[in-house]
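Here subunit A shows up in two complexes: once beside subunit B, once beside subunit C.
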Partner chain A sequence: MEMFLKLDFWFTVFRCATPVLFATMAAMIADRSGILNLGMEGAMAIASLSGVLASGFSGNLLVGGFVGLFCGTLFTMILAYFIMNMKANQVIAGIAMNLAASGGSIFALYSITGDKNTSNSIQSKAFPSVEIPVLKDIPVLGDILSGHNVLTYLAFILAIVLFIVLKKTKFGFKVRAVGESPEAAESVGIKVHRVRYQTMFLSGLLASFGGIYMSMGYINRWTAGMIAGRGYIALATNAMAAGNSLLGMFASLLYGFGSSIAIYLQNMNMDPYMVTMIPYLAIIVFYVLFSLYYRHKNKQHESL
Partner chain B sequence: MKKLLNKVVSVALAGAMVLSMTACGSSASTAETAPAESAAAGTEAAAETTAATGDPLKITLCVGRTNDMSFQQSAYEGVMKVQELYPDQVEVNVVEMTDDTTKWEAAFYDAADAGADIIMGTGFQNLDNFTNIPQEYPDTKFILFDQGLDFEANELPNVMGVLFDSNQSGFLAGAVAAYYTQNENAANPDKTLGFVGAMEIVTITDFLVGYAEGARYVDPDMQIKTAYVGDFVDTAKAKDQSKAQIADGADIIFQVAGGAGTGVIEAASEVDGVMAIGVDADQYETMEDPALKEAVITSSLKRLDNAIVKIIGDYLADPASVGFGSNVTYGMEDDAVGIVFNDKLTESIGEENVANVQAILEKIKSGEITVDKASELTSDEINAIVAGE
Partner chain C sequence: MKKKKKDWYGVIRVLAAVALAFIIATIIIAIVAEDPATALHKFFLGPFSTKRNFFNVIESMIPLVFAALAINIMHKSGLFSMAADSAFYMAGVTAASIAIGCKLPAGVHQVVIILAGALVGGLIGLIPVLIKKFCGANELVVSLMMGYLFFNFGYWLIREFFIDIANGSYSVKFEKTASLGKMIQGTNTHYGVLIMIVAVILVWILMDKSKFGRELKITGANRRFAKYAGINVGGVIVGSQFVGGAVAGAGGAVEMIGMYSKFEWIISVSYVWDGILINLLASTKPLFIPLAAFFISYIRVGATVMSRGGDVDAEIVSVIQGIIILLVASERFLYTMKKRQEEKEALENQLIEDKKAEE
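What follows is the complex of A and B.
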């Protein structure tokens, strides 16, 4: 239990949660408009690689960040086109795109740099960590909450923004209407296709933020396979959050907490195979609990 | 004039297309080294071994590429050395198969059809190739490095799997770590060392067993923190695990985690006084980022070059002395494993300790120190060794 007293432990929770939070929001906004976006893993891989390449060749962090976001979003828009215009099955198209991205990103790295595993030959840039002025002086809390990567703060701010957008704005209302009943939405003049393209655009953008955080924040280079399922875990955290991005924040932190426990337990020489399960197990257990709660709530609703 | 230009361009394009097609078709560029002036005079030794055929021994090495700065390059250097040592007795061919492993099978068939006497390959990717192809070419010898073969399930009298005593290079890495963690360059005086592996499998725990024993050989009070990434790719997780070990007082971490290992080196580079130990290749040389370079104190090595020189030397002297039909392990006594001795190491642990490490190396060579093998231990026994019980 002594690990819970370590400040580094809690710091790690936020580091681990960040990419999953971005991906959770990406899954959520697409989900709310009625699209199952499975392409987050691929979008993150594409964004992380193109960000590193662009920042390495241009020598400019922002150019790298922009190109990363652009490529990841473009990837998601292609997926959106397949799903909406070509009427492809969402699951099959999403998985096919992810597989293409995992192989394609390595191929691209190899053709451009000659490296196959890591982008070692490129001096890429990373987003800086920032100290929060007042917060950093508070003992304990300052050590845990201050000094994170810019993108970590951005993720948590965006989670709050997304909550407000979905709940309070006209756009959010349209998104939810399209997601719940496209026919009804269409009958009142909402352009279903356009709204879904808009949400897929935002979804791609959010996933790409997760991608560039992986290779330009968390780690300062790209390695093959580095996304390592974080885009898929987001499907579970999104299901748990049930369309509420504040709950999504909680679910991502839960994953981060599980990961952090797994990392620190290994230091105490626990069995590594058992420990590796912890973050995933935590998500499954909480997902089941949440599902039971929602079902219970719905039943109450019906009985009224 | 314009017509002429068009013609020139089209001919040039057609030429380029033909060239690119042949480049694809051959699937491999063959770099043939001059088959040393045909054994005109022929030394006595050459006469002995090649008397039967009168031809030099044809050795073909097939690797993805010869400049991977890791063990493929080491294999290439090995066959070049062999060519230099026995110019009259061997004829060395090197085939670069490219990194596209789907082309590899064809390259081995090509080599076998071309009449090679010994065909060499590296790595686990060739397990199937070296299990299937040799059965079709019983008169050709095959040697696979860094991957054992299943000789019980398959009839493979003409194949040899070459393995390396990673535990011995791990032992030296452990000794280096123990010397480093106590000296004034280290981040803290704690006797805590870190180890980040990819998975808990024998090829990786072999390093760990050696590491733990090596560290305790220098100082029995050493504590070792271990972590496994769970795969070979999750760089971010490897970095977090290293950071956790550093937070717990580890100031030197041995990484045996493939691609994810870069995360360990990155974590070490971010904290003053923390170093990482690389694996397989000299990672001080392979890291291009100066910050990462400076965080690599040494690397544990597989010296395929020395193993190849030994194997071919033995084969030329007496073909029966080479263990075809089995997996053979080469270690420090053949200089087939080791660590990097460079200025960075000297600067980090001091000349006196470098000499100590070299003395340990000699003791392993002479058999005065024996290092346990992970393959001969149970998981519990390995855990006990790591925990120092």
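What follows is the complex of A and C.
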């Protein structure tokens, strides 16, 4: 239990929460416009790989980041096209895209570099960590909150931005209108298709940020299966957040908490497989508890 | 007459999707491979190159068929549960544990293993639906995370109790009495093929010939209508998840004692995506599932043969599979063809009616 007293532990909570927070926001913005974006897992895999490859070949961090974001977003737009224009079932289409991405990324890595499963021959750049001027001098808080990766700060800032956008702006209003009732939105002149393409674009972009954080943030290497279901976990954290990205931040931190425990126990020589179970178990338990709470709340609401 | 025409449309659509996926794959291989002609030849005809390769197609078809049957039952209820993967893996763990830990005579041993695998699979299949029923959490999300959870849990169990210290990652050997035995000399094809055929027939009877299957179909198509028709909707859905999980579990157990002599699943074993694809290709008809599974197994083995050549990775199969699923699942794929046909039919019907009216 002494691990909870270590500042390092809490630092790791934020580090592990970052990619899931990006993905949670990705799930949220699509969800609010009425689309279940199951393709985040694939978008993260594609973005993480293409980012590493581009930064390795160009030797430039920003080129890598841009290419990663571009490919992940393009991937999501293809999914959006199939869901909206080709009228594919969104669950099945998402699964198909993820399947193609998980195999396709391994195939692409092998074809381009000859590496099998891990990008060993590529020297990728990584996004730097930054110290926050005043914050870093505050004793406990500084140790936990300062010195994170740039993308971690970006994730938490974007969560606040997304909250404001969804609640206060005209665009956010349109998104919610489309999500709640596309027919009603259509009747007041909102272009449902266009709004959904816009949200899917943002969704892909956010998921891709999560992807490049995985391979160009804390570590600068791509490994097959490194996304490890974070795109799916985001579906749970999004459901827990119920459309509120500040709650989404909290839900992602719950996942980060589970991951941090796992990392600590592994360092204490516990069996790695038993330990890897913990974050998934934690997220299932939290998700179930939140669902119970929402169900209870809705019932109360109905009885009034 | 009318119905037959509609079926043809479905078949053409699937064939067109497959053809399109192969065209894309051929282009990719042609770009990537140093010697495209040899690579393509190996890919398309590799399974026929040796007896071993051909029977490779047969034995790797077995888990695919079980997974597709499980998906067929589980998804017909209208629930998108992916628990079949967890069921499959944990049944494999159960099978390995009984194969190592229990001393039983041959014949009894295999039966006990497969039944235990089915039971474990069925219970795991129940988890998402029960969580949904009592807590309201989405079954798709829960079951996807269960896949990661049970892989780590299952492999941890094996490591904890049955690990071969000398090897470090595989388990100790199974008892000889637990093996399903090879059916064809010089290949890995085992008697699980027969169990697979029995499973297909049983699922066909259950889904197409029984009251349960009828009720499940109605429930999946329109839950409200099913309720008015007096069907015990909750019971049917929960039942379908148990039976589907049990089929996946039986598949996991058969695969474990048919193909292996020790536990070797050190990376997560996933068949649900294949199961979904095969079930789609078979247009959710149990009797067509072996055919579709043979096809998927064929391109898998073909890709493996090709990848031995060196420059094309076997993972291209996932891309092909993804494209096929995407196209088959798209309502609008070849939609104009359907529309034209429907217009033609409507016109013909009109003419017939006009004639009748004249008479």
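Everything below uses one rule, namely that the second predicted complex is superposed on the first by the 292 of 304 C-alpha atoms of A that agree within 3 Å, B and C clash if a C-alpha of one lies under 4 Å from a C-alpha of the other, contacts with A are read in each partner's own complex, and residues count from 1 in each chain.
Just so it is clear, contacts are C-beta pairs under 8 Å (C-beta built on N, C-alpha and C of every residue); 3 or more make two chains touch, one makes a residue touch a chain.
These numbers come from a predicted model, not from an experiment.
Enquirer: Specify the outcome, clash or fit, for subunit B and subunit C once both structures are aligned onto subunit A.
Expert: After superposition on subunit A, which the two structures share, subunit B runs into subunit C.
Enquirer: In the overlay, answer first, second, both or neither for which of subunit B and subunit C A:Y110 touches.
Expert: In the superposition, A:Y110 touches subunit B and subunit C alike.
Enquirer: Is A:F4 touching the first partner subunit B, the second partner subunit C, both, or neither of them?
Expert: Neither: A:F4 stays clear of subunit B and subunit C.
Enquirer: Comparing subunit C with subunit B, which touches more residues belonging to subunit A?
Expert: Between subunit B and subunit C, the winner on subunit A residue contacts is C.
Enquirer: Given the touch rule stated above, what does A:A228 touch, subunit B (first), subunit C (second), both, or neither?
Expert: both
Enquirer: Where does A:T276 make contact in the superposed view: on subunit B (first), on subunit C (second), on both, or on neither?
Expert: both
Enquirer: Identify the partner contact of A:R15: answer first if only subunit B is touched, second if only subunit C is, both if each is, neither if none is.
Expert: The answer is first: A:R15 touches subunit B but not subunit C.
Enquirer: Contact-wise, after the overlay, does A:L292 reach subunit B, subunit C, both or neither (first, second, both, neither)?
Expert: After superposition on chain A, A:L292 lies in contact with subunit C alone.
Enquirer: Under the stated touch criterion, which partner chain does A:Q123 make contact with: subunit B (first), subunit C (second), both, or neither?
Expert: The answer is first: A:Q123 touches subunit B but not subunit C.
Enquirer: Select, from 98-106, 296-304 or 332-340, the region of subunit B that bumps into subunit C once both structures are placed on the shared chain.
Expert: Here subunit B runs into subunit C along 98-106, and the other listed stretches stay clear.
Enquirer: Across the two complexes, find the residues of subunit A that touch subunit B and also touch subunit C.
Expert: Shared contact residues on subunit A: 110, 116, 228, 273, 276.
Enquirer: Where on subunit B is subunit A touching in the complex?
Expert: Going through subunit B, the ones touching subunit A are 99, 200, 225-228, 230-237, 239-241, 243-245, 247-248, 258-260, 262-263, 266, 286-289, 292, 383, 386-387.
Enquirer: If we count contacts the way the header does, which residues on subunit C are in touch with subunit A in the complex?
Expert: Those residues of subunit C that touch subunit A are 32, 80, 131, 135-138, 140-142, 144-149, 152-153, 155-156, 159-160, 273, 276, 280, 311-313, 315-319, 321-323, 325-326, 329-333.
Enquirer: Could you list, by residue number, the parts of subunit A that touch subunit C in their complex?
Expert: 82, 85-89, 91-93, 95-104, 106-107, 110-111, 116, 228-229, 232-233, 235-236, 239, 271, 273-274, 276-277, 280-281, 283-284, 287-288, 291-292, 294-295
Enquirer: So in the complex, the part of subunit A that touches subunit B is made up of which residues?
Expert: 6, 8-9, 12, 15-16, 19, 110, 116-118, 120-121, 123, 214, 218-221, 223-226, 228, 259-260, 263-264, 266-267, 269, 272-273, 276
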